[in-house]
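Note that the chains are named A, B, C and D in the order they appear, and that numbering of residues resets to 1 at the start of each chain.
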Amino acid sequence: MPHREIDQLAARIPDGASLALPPDNSLSPGALARALVRRGARGLRLIGVPVSGYATDLLIGAGCVASVMTSAVTLGEAGTAPRFTAAVKAGTIEVIDATCPAIHTALQAAEKGAPFMPLRGVLGSDLVAHRPDWKVIQNPFADGSDPILLVPALQPDFAAFHAVCADSQGNIYVGRRRELATIAHAAKCSLVTVERMVPGNLLEDELMAPGCINGVYIDSVAVAERGTWPVGLLDEYPLDAAHFREYATLARTDAGFATYLERFVHIDARVAA
Amino acid sequence: MPHREIDQLAARIPDGASLALPPDNSLSPGALARALVRRGARGLRLIGVPVSGYATDLLIGAGCVASVMTSAVTLGEAGTAPRFTAAVKAGTIEVIDATCPAIHTALQAAEKGAPFMPLRGVLGSDLVAHRPDWKVIQNPFADGSDPILLVPALQPDFAAFHAVCADSQGNIYVGRRRELATIAHAAKCSLVTVERMVPGNLLEDELMAPGCINGVYIDSVAVAERGTWPVGLLDEYPLDAAHFREYATLARTDAGFATYLERFVHIDARVAA
Amino acid sequence: MIAPQERLIAAIARLILDPTAPPARHIAVGAASPIPAAACWLVKKLGHPVRLSLLHRPSGNPFTEGTRELFDLAGQGRIDLFFLGGAQIDGAANLNMIGTGAWPGTTARFPGSFGSAFMYMMTPRTILFREEHTPRVLVDKVDCISAPGTSEQGVFRRGTAQALVTGRCVFHFDGTRFTLASLHPGETAESVRAATGFEYAAPAEIPATPDPTEAELALLRGPVCDEMLETYPEFCQRVWQRSSFEGQAA
Amino acid sequence: MIAPQERLIAAIARLILDPTAPPARHIAVGAASPIPAAACWLVKKLGHPVRLSLLHRPSGNPFTEGTRELFDLAGQGRIDLFFLGGAQIDGAANLNMIGTGAWPGTTARFPGSFGSAFMYMMTPRTILFREEHTPRVLVDKVDCISAPGTSEQGVFRRGTAQALVTGRCVFHFDGTRFTLASLHPGETAESVRAATGFEYAAPAEIPATPDPTEAELALLRGPVCDEMLETYPEFCQRVWQRSSFEGQAA
């Protein structure tokens, strides 16, 4: 039963939940995304923080996704995200376009318990007209005309990401990828996969503590070795560029994507890695 | 010339400047505060982030301060801040009372380049009536009545604090004291004392990077061993409780405070430590 | 021989565990609060599952986002219970931590409001604690309000004071006014009335504040003190005659 | 033999160093931008004091607050120059990175706006870069505006496009319209006009885009490529036939 622990973690995310995911350069939970495909998740409302990559494209392709709020979906050097692009053309998912700092701002508002936060820029972009949840007000502190965008707080049902390690108190280490702390603070429930468990209390270690997220925000931890694969993990292992190219090629067609699922999702992806 | 480097750093802060300082439990720049007293600084507008301690009381006692914006001034276990209390009664400084999260929020607004940020709570406190720079608006996202406080962005002229070390690119290490990053981001100019310089680039080290502040925010660095004294420095040295008590006792009177300056500020404080 | 501080600690622990109050899964304790901190440790050492975030621990403090993290946690609704004091506390549970006389405290100046104006409104439960119980502290009306005990309709607020614990007694707060709940040894209905500047309700029969049990005392003097030594060495020395050095060896 | 990419890199480096533009002390470069990144490295290796923040470096990226730090830096006004592209770019320097046809891109869907709607307005200088120069990309009017080239009076904005560099030419932008500034080898005033869907000004005599100097080429093929290898291995292989492995050994 090689997937047992991670499949249990995936089972905690119900159909229809909103789920915030980091981008491919920031501890994206590849193994958990594959577990969600295996469990046949449906109707997920994904949030790219602030952009989306492999995990989002995979979940869209497998029919798990109702909507995606993001600033972009891309496979980076491997090109555009084929299943996302196909789904937009087919009209099978709703796309709620944002811009990176608006995603960060909305999550920071939730992190602070504020109902909204202002954001400079953006005005004049057609994004504004397509985001009825955003508001433009006159800056109450300005003397002259000064319109400014207000973005409402965004509290995802779930945040999911991978971390280097966890201790028995649920504290996790993500190093310099501090945006994951913002997601964990903002979300109602944070599910984390880790490479390994470590003894002791990470927060008592002055050298490790700055890269930690306090266990108060973390609801469940599951060990998943190479849990970001095919994405890399800090200085531990690099992005698997060959696999990204293979995914990008296979995912261009429905049949190719089915082959990908068969070879890398429904069998043990970690062996394949 | 034992003070040379730090006195040059203090000389960069002109009379009348606004100066943000961390509290006594967070890398407060004790040595730099003493250097400001030696240079005879006048009219400083201090900002406690979010509260003030030894450095602020010392600067007030030495006549360096025009105003202090803070959520509290305290010497912790050593009791109330005697020079602050005396100056308030004498009416020789302006006190701009805040509450801790309002200071953080105002600095985070500056950090994000936003002109203001909302903050829950506070309404019903007399603080609001004494802060004409704050505004209360109806939450534009609420259906029913929902008044909310808006705090304008706070961009200090200077931030000053101590760090564990710096590299040649100006990157500094503060460990888990991440609030110092917010001050450095928000301030126009950040001056930092460090225990020591280190070789290499701190940001290339995955273990050190999470506790670093990027040199892009740091304008000047000066080495000052035991630079937080009498405050402690993470796990390197503890707070000097005996000296705090001595300060608290001497600073109760003008004559005692003059003795303190003579013994610990106008001579080499590091020797005394 | 039970120290007065031990009785206060036990009284606060009972308030924390009050089954009629909202659950206290995560409690934060501010700086310079040894008695509330000890009460939280007692609850934990009694075996109740509770997460404690203790500010200003010299090492291993629980926050990695700096001091703002406490306030962000409260903003998120993740802190169930907090402690506040006040240089003045009035009968509407308003707190004054700023000063008396003309603003900002020309007669007496106190340290300042800290985070009270936010925490009091964002936390479902607050236990007020002030050892000094005199008409100077417990006033009819505070000179100025650092943090309001109650809020107008329509103002976002998650909770208010659950109780006020002083060196003389315990008051409960029902959202409008205080009721005298128990008297510490040596106090009477009359002595408390004389020492209190605000009006409050009182039942005909006022129970005594219970002594800590033997089990509680054993926990306080052993494992609770062990946890407190690093942050509150002077308090531990004063109440339990234990120094840091012994504590670390224990 | 000068590679076309080398000429584009050198052309962008000249725009960065334009003495009439606001100073570029700190330049940020987004993901998947090898040519702008190489131009910045060229400027730095030429000895100009400039701070580079390169996003998406697999190791040693410059940010310790996560990806929001780039946007916070721009909000603070600490980024002097940024690069943007666009699946469509029109004559008013509007960018479309979202799609064509009905929103959100039912005819063609592009990856999305990234941070363009913010960065374009918060950065004093933006250099637009798009290698493909066809009427499909350089359109009269973008199908939708991800990020506007200009803003109404009263809207906070620090700057706009300085120039647009394509595979055929360099345009300058004056805040209202583009002017053809130089032609790459093989292009004429007519060929550019035919390939461009928007109106632009053009002088009677259009200079050629200068070749990189020998010194610039030496820097590009040596130290600039060394810096690029980790982030852009495929680009370095394609343009300079250098693999990561050699680079790390160098």
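Convention: contacts are C-beta pairs under 8 Å (C-beta built on N, C-alpha and C of every residue); 3 or more make two chains touch, one makes a residue touch a chain.
What you are looking at is a predicted structure, and each value in this text was computed from that prediction instead of being measured.
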Least step count from subunit A to subunit C, where 1 means the two chains touch: 1
B-D or A-D, whichever has more C-beta pairs in contact: A-D
From subunit A, which chain is the farthest off, judged by mean CA positions? C
Round to the nearest whole Å and give the separation of the Cα centres of subunit C and subunit D. 59
Cα centroid separation between subunit B and subunit D, in whole Å? 40
For subunit B paired with subunit C, centre-to-centre distance based on mean C-alpha positions, whole Å: 28
Residue numbers of subunit D (touch at least two other chains): 59, 61, 63-65, 71, 75, 122
Note the residues in subunit A that touch 2 or more other chains, in rising order. 101, 108, 112-114, 119-120, 146, 148, 176, 178, 181, 206, 209-211, 234-235
Arrangement of touching chains [line / ring / star / complete / other]: other
In contact, pair by pair, are chains A-B, A-C, A-D, B-C, B-D
Quick one: which bits of subunit B touch subunit C in the complex? Just the residue numbers, please. 23, 25-26, 50-51, 70-74, 76-77, 80-81, 84-85, 88-89, 91, 95, 97-102, 104, 108, 119-127, 130, 144-148, 176-182, 232, 234-235, 238-239, 241
Could you list, by residue number, the parts of subunit D that touch subunit A in their complex? 31-32, 56, 58-59, 61, 63-68, 71, 75, 97-99, 103-106, 109-122, 144-148, 150-157, 232-234
Within the complex, subunit B is touched by subunit D residues 26, 51, 53, 59-65, 69, 71-78, 122
Note which residues of subunit A are touching subunit C in the complex, please. 110-114, 181, 185-186, 201, 203-204, 206, 209-214, 216-217
Given the complex with subunit A, which residues does subunit B contribute to the contact? 101, 105, 108, 112-120, 135, 137, 139-142, 146, 148, 150, 152, 175-176, 178, 206-211, 234-235
